[in-house]
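One chain, chain A, appears in both complexes that follow, with chain B as partner in the first and chain C in the second.
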Partner chain A sequence: MTDSGRPILSVQDLVVYRGKGVHQGNSTVGKDALRVVEGVSFEAAAGETLGIVGESGCGKTTLVHAVLRLIPYQSGQVIFEDVDLGGVSERKLRSLRRDLQVVFQDPYSSLHPRKLIGKILSEPLELHTDLSAKARERAVISLLNDVGLGASFAQRFPRECSGGQRQRVAIARALALRPKLVILDEPVSALDVSIRAQIIELLAQLQRDRGLTYLFISHDLALMRSFCQRLAVMYLGRVVEYGPSDVILHRPSHPYTRSLLASMPIPDPEVERRRNRIEVRGEIPSIRTPPSGCTFHPRCNYAVDRCQVSEPMLEVSDAGVLSRCFFSSEVAAQPPLDDARSSDAPPEPVVEEHLFERS
Partner chain B sequence: MTVPLAPEYRGTVSVVRDFVTRTRERHRPGTPSQRVIVGALIVLVLISVTASLWAPYPASAQSGASLAPPSWAHPFGTDELGEDIFVRFIYGIRLSLLVAASTAVVAGVVGAAIGMAAGYVGGLVDSVMMRGVDFMLAFPTLVIAMTIVAIVGPSTATPVLATIVVSIPLFARVARASTLVERQKEYVLAARALGASSVRIMVRQILPAIMPVLRVQAAIAGALAVQLEASLSFLGMGVRPPTPSLGAMLNTARQYLSQSWSYGVFPGLGLFLIIMLLLMLANSMSDDGDAPLAKTG
Partner chain C sequence: MSGAETSVRPASTALPEPAPDPVVEVADLEVDFAVRGAIGHAVRGVSFQIRSGEAVGLVGESGSGKTVTALSLLRLLPDRTTRVRARSLRVAGVDVLGASAASLARLRGGAAGVVFQDPLRALTPTRRVGSQIVEVIERHSGRSRTQARLEAVELLSRVGIPDARNRARDYPHQFSGGQRQRILLATAVASHPRLLIADEPTTALDVTTQSQILDLLLDLQQDLKMAVLLISHDLGVIARVCDRVLVMYGGRLVETGSTSDVFRAPGHPYTAGLLRSIPRLDRPGAVTSAIPGEAVDGFTQVVGCAFVPRCSLAAPVCTECPELEDVTPGHQAACWRSELVT
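Moving on to the complex of A and B:
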C-alpha cells in the first residue's frame, strides 16, 4: 500500500513559523515568531487516507495551511504531483489549487454568511471553468445530490442549514472541481456526535466513488482507526510516529502514542476496568519554550537523563514504523493495548462477584 | 476547460430558480420604518428634480414685492430681491440631495476601495494609506473643504468635490476595520484555497460581507455632506449666487431676520428635514445591523 506508486503529496522537512515578521520565501523571521511546525515529513499515496493526529495546539492546522500555501513556510518542500508548490508563482498556484482542495473544521465560518449555497457552490466553477450559467446550475444540483442534500438547498442561505448540512456543503464545494487530493481539517470536530458518523460515511463513500486521496487531520484516534491507512502522530510541531495505522494503533512505538491510545475510553466496562491506564502527566508544554532534548520527556514514563539533553531521530522501530524515541523497541514490545477491542468474538459473560459481596 | 457532470445527475432544473433573483428577493424589503424613510427621500428627490417642469416661477427672477410674507402666490414669501422663496427652497433641496448622493456614492466607492485594500493587503500599503487618512482626519472637515474651494476656485461642482474628498477618510476607516474582521474568517481562506485572486476575494467575498456597515456609513456621510455644503455656502464659499443653496439663503436671511420671519425659517427646515431623514435611515440600518441576516431564520 505504502510503496505502490508515487506519492501524490509529499511533504519534506517542513518548517513553519507564525507570528510577526514572517514572510514568504524569507528564512529570517522576527524574534517573536514561533516555530510551530518543526521539520515535518510525510507522503500520501494516491487513493489512500493519511491521518495526522495530535493534541490541540500541536501544529496540525498550521501544517495544513502551509501545505496549501495559505501561509508561508520557511524551509522544506511541499510536492504535489511532482510540482514543488513552494516554487510556483501565485498565478500558477491558483490554477493548481483545483486539484488540491480543503474542508475546514468549522462549517459555520467557512461558508460566506450572505451568499446562497447555490452561489457558494458555483464559485469554484466560475473560477476554474468556462461553463455557462445553466451548466453551472446543473453541476451545483449534481453536487448537492452527491453529498446527500437536495436541489432545493441551492436557494438556502448557510444560516438556514444545520451544522451537518453546512459541512456537506463545504464538502461539495471542495469536490466541485473534481480534485485529486482533499485535505480534511478536523471535518467533524465541530459537529454533534450523532452527525459525525454520517459525515464520515459520506466521506468514505465519496472516496470510493471518486478515487480521492485524503489528508485527514484529527485529534480523535478512534476515528483514525476506521478511516486511515497511514498515520502521522504529531507532538509540539514534530512527527513522533509515522507508519501504517493498524500497526501504530495496535502496537505503538512511541510513549506518546501509547498514552494517547490508553486514554481512549473503551465502550465496555469490563475491559475498561481491567486494563492498565497510563497516565499522561502534566499539560502540553508551551511551544514558546519547548523542553530541551526530546520534547516529550517531561511527560514521559520512559524518560531518562539522556532524553533531557539529546533529541531522538525518527527511526524504524521493531514494529516497523518510524518513531522518534530512544526506547521505541521497548515501547513496541509492550503488550498491545487493544486486544479486547480488536477481537471480534463477543465478550464472555462475566459474573460481577464483587458487586454481590457488599450487599 | 469543463468539468464533466456526474452521470448520475438526477436533479431537476425546474426546481431551481435563478440564484440572483432569489438573492434580490431576500435583500429587498427592509423594515417598515426604513421603507417610510426611503419613501420620504424618494418623494423629496422626485419633487426637487422635476421642479423646473412645474415651478410657477424661475429660481432667480423677481416675481413679487421684496421680503413679502407668505401668501397663496408665494407660499414661503419672497426674498430681498423679490424672488420666490419656495421655488428657491426646492432648488436648494435639489442641490443638497445631489451633494448627499454624490458623496455617498463616489466617496463610498473610493473610500471602501482604499479601506479594503489597506485592511486586506496590510503591511506597508496599510501604513501609508492609513497615515494619509489620519492626516486628513486630523483637520476639521470644514477647514479642508475651504482649502479645496480656495485651490479649485468656486463653481457649482466645487462644494460637491470638497464634500466628497473630506468624506473619503470616513469610509476608508470603516471599511478597513470591517475588512480586518472579515479577512480572519475561514470563508476567505476557503476562497483562497479555491484559487481566487486577492482582488476577486475583496470584491466577491469581503465587499458583500461589509456592505451593511458601508450602507450605514453612506447615510451618515450623506447627512454630513449636506451640512458641510450648507456651511460652505453660508460662508460664501459654496455655489455661486444666484444658484439657490439652502446655506446661502440662510446667510442672506440673517440680515433680514427682523423684517421677514419666513426667509430664514424655511431653508433651515429644509436642511433639518434632509439631515434628519438621512440620520434616521442610518440609525435604523445600524439597529438591525445585518438586517437580512437576522430576519429570516
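Moving on to the complex of A and C:
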C-alpha cells in the first residue's frame, strides 16, 4: 500500500491471545488460551479513516483493545506517532491516551453508573487541561450539543438515558480532549439513521478541521463505503482483504467480502423478498480448532481441494487490493454486487419463495 | 393497496382459525419519569396489539420511547422514578398493571422472553452462560438437568456460538459483543415464550450473522407461534421480519400499518424522511438525507405536532396535535397532511 500521509498508527503482525495465563510479551500462554488475533497488520494515515469489518467474534474488539494495550499482545508491534506502545511505561501510556481515545462497543458498561453525565464529560478536562470550572461547563454543553443532546443531559445519570443517548455521551467523552486518533468500536450501530448521519457529519467535520484519524469498526457496509478511505476485512482473526474501501465494496476480491455484501438487508420488503441471497452458509468455525488451509474454505463458494490444504497469503489482486485468496482476481472479475435488484432477481415473486430460500 | 399478494410475510395472512386473543394488548399507555425535579413524558397515549404468530416492528428515533414502551409491557422500569398508566395493558393474559409480583416474575422469562438492549441487564456476570440458560429451561419446562443441558447447548449453537459445548462453560465477559447479544436471544427463547420482545437484537451483528439470527427468529416464531415485538432502527431488518410496523416519534405513535404499505407509501413525513435517509447499497447513487433539526425527547415541551420544527409540510393547522387516522384501511398516520407525504 502506498500512503499519501504518514501513518499515525502502524500495526505489524499483531498476535493476541485471550483467556487464562496470557501476559504481555510472553511467548508461552496457558493451554486454555485462544489465539484470537493472528498476525494482523495495517496502517492508518493521519487524517484518514480506516474501517474494520468482519463477522461477530472474529477479533475486532480484541484487536483494538490490544492496540490500546488494554489487554496484552504476544507478538508484533504497535506504533503510534513513532512511539512503540509495546515498550512504553504505564505512565507514558496514560499521557499518550490523551491523544488516543476510544469509544467502546458497549455504552452500558463504559460509563460510570453513579456519575452524572456532566461529571463524566468534564472529568477528562479537569485532569488534562487548565480550563476554569466555568469554561469546562461551557465545553460540556457544547460537547452535548455536538452529539445532539440538550444541556439538560448534564444533570442525568447514564441509566436515565436511552441506548442511543448513552452511545452519544461516550462519543462526546472521547472527543472532549481533542485527540489525534479515535478508535470507534461500533459507535453508531445503536443509533437510528438520522442521528447516525448527524454523528457521522460531526466526525467528518472534526476530521476536516483538525485532521483527526479514525479507526472505525462497523458492520454497516454502506456507511463504510462513504466514511472510510481504507478498509480491512477480518475473518477468524486474520485480515483477508485490505485496500481502498470504494474498491473493496464495489468489486470485492475475497469471497468472504462478497458474501458480506450480498447479505446486507435492504429496507424494501419487495426487494428483500426477491433477492437471491448468496450468504455465507454453515457454522462459524471455532477459533480453538480453526479449519485447515484457507480458514474460510468450509463456507466458501469458490473453494477447491487446494484450499483445504494450503493457506493463501495476502497478495495484490487484479482490483489492486490485498486479498487472502487463491482466486482473488477471479472473484474481483465477477459482476459488481451493488445493484441487487437487477441480475439476481427472478422475474415473478411467488409469495412463499423466500421461506424456501432460507432452508 | 394492501392485500395478500403484497404482504411482506405470508405467515400471518395464512393464519388458519379465527384470530386468537391478542398476546399483547396496550391501550393508551403513558409513561412519565421524574428526573431531579423535572417530569418527563417518555410515552404518550400509545396503543397497539400483537397476535400470536405475528411480528410487529417498532421503529423511531433515539430517545423516542421504544425501549420504555417495551419495558413497560413487563413492568421492568424502576418503580420509584417511573409512573406507568394505561387504559389496558395485558400480556399473555396477565393484567400487567394489576398483577402481583409473583405473577409478573412468572411472566418475565416465562410466557414473555426479552432480549434487552442493555446486555448486562439479563446476563449475570458471575455465572456461566450455559447454566443461565439451563435454569430458564428447567424452570419453565420441568425438564431434567441433563436434558436441559443438552437443550441449552443446542440453543447456543443455533444462535451461532461456535464450539457451543465447551463455550457453555464460559462467563459472559469472555464473549464478543455480538456473541453476548446472541446468548441473550438464546436465553429469551429458552422458555418457549408466547411473546418475544427483542430490543435491537442484531445491532451488534455483522450482516451475515444478523441474517442467520433473523432466519432463526423467523423459524422460532413460526414453530412456536410466537408474538414478536422487534425494536430496531434498521429498516432492512424490519422489512425482513415484520408483518406490521409501528413508528414512534417523541413518545407517540405516528404511523402504523403493514410493513409493505408503510414502506411503500409512508403517511407521515417522519417515516418518509427515515426511509430516505438510509444509505442503500442497491441504490449507489441515490441521495441520502438526514432529517434536519433536533430530536425531541420526553422532556421537551411540545404543543401540537411534535414534528413541526423539522417538517417541510408544516402548516398552521399543525399547532394542534394530530391523532392517528386511516390513510388506507389498516394503515394509519398521525399527520394533518398525510396525503401530501411523498
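As a working rule, the second predicted complex is superposed on the first by the 296 of 359 C-alpha atoms of A that agree within 3 Å, B and C clash if a C-alpha of one lies under 4 Å from a C-alpha of the other, contacts with A are read in each partner's own complex, and residues count from 1 in each chain.
The rule we apply is simple: a residue touches a chain if its C-beta (ideal position, glycine included) is under 8 Å from a C-beta of that chain, and two chains touch if they have at least 3 such contacts.
Computed from a prediction, not measured in an experiment: that's the story for all the values here.
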Touched partner set for A:Leu144, first chain B, second chain C, both or neither: first
Partner chain in contact with A:Leu191 - chain B first, chain C second, else both or neither: second
Partner chain(s) touched by A:Leu260 [first = chain B, second = chain C, both, neither]: second
Partner chain(s) touched by A:Glu160 [first = chain B, second = chain C, both, neither]: both
Touched partner set for A:Ser109, first chain B, second chain C, both or neither: both
Touched partner set for A:Leu125, first chain B, second chain C, both or neither: first
Touched partner set for A:Gln205, first chain B, second chain C, both or neither: neither
Between chain B and chain C, more extensive residue contact with chain A: C
First, second, both or neither for A:Gln308, with chain B first and chain C second: neither
Partner chain in contact with A:Ala176 - chain B first, chain C second, else both or neither: first
Interface residues of chain A shared between complexes with chain B and chain C: 105-106, 109, 152, 155, 160
Residues of chain B defined as touching chain A within the complex: 1-6, 8-13, 15-17, 19, 22-23, 26, 185-187, 189-197, 200, 204-205, 208-209, 211, 290, 292-293, 296-297
Complex interface listing, chain A residues touching chain C: 18-19, 53-57, 61-62, 105-106, 108-109, 148, 150, 152, 155-156, 160-165, 168, 185-186, 189-195, 197-198, 201, 219-223, 225-226, 249, 259-261, 263-273, 277, 279-280, 283-289, 337-341, 351-352, 355, 358
Complex contact set, residues of chain A against chain B: 65, 68, 70, 90, 93-98, 101-102, 104-106, 109-116, 118-119, 122-125, 127-131, 134-135, 137-139, 141-146, 151-152, 154-155, 157, 159-160, 170, 173, 176-178
Chain C to chain A touching residues, read off their complex: 4-5, 7-8, 10, 33, 35-36, 38, 59-63, 66-68, 117-120, 157, 160, 162-163, 166, 174-179, 182, 200, 203-212, 214-215, 218-219, 233-240, 259-260, 263-264, 273-275, 277-282, 284, 288, 290-291, 294-295, 299-300
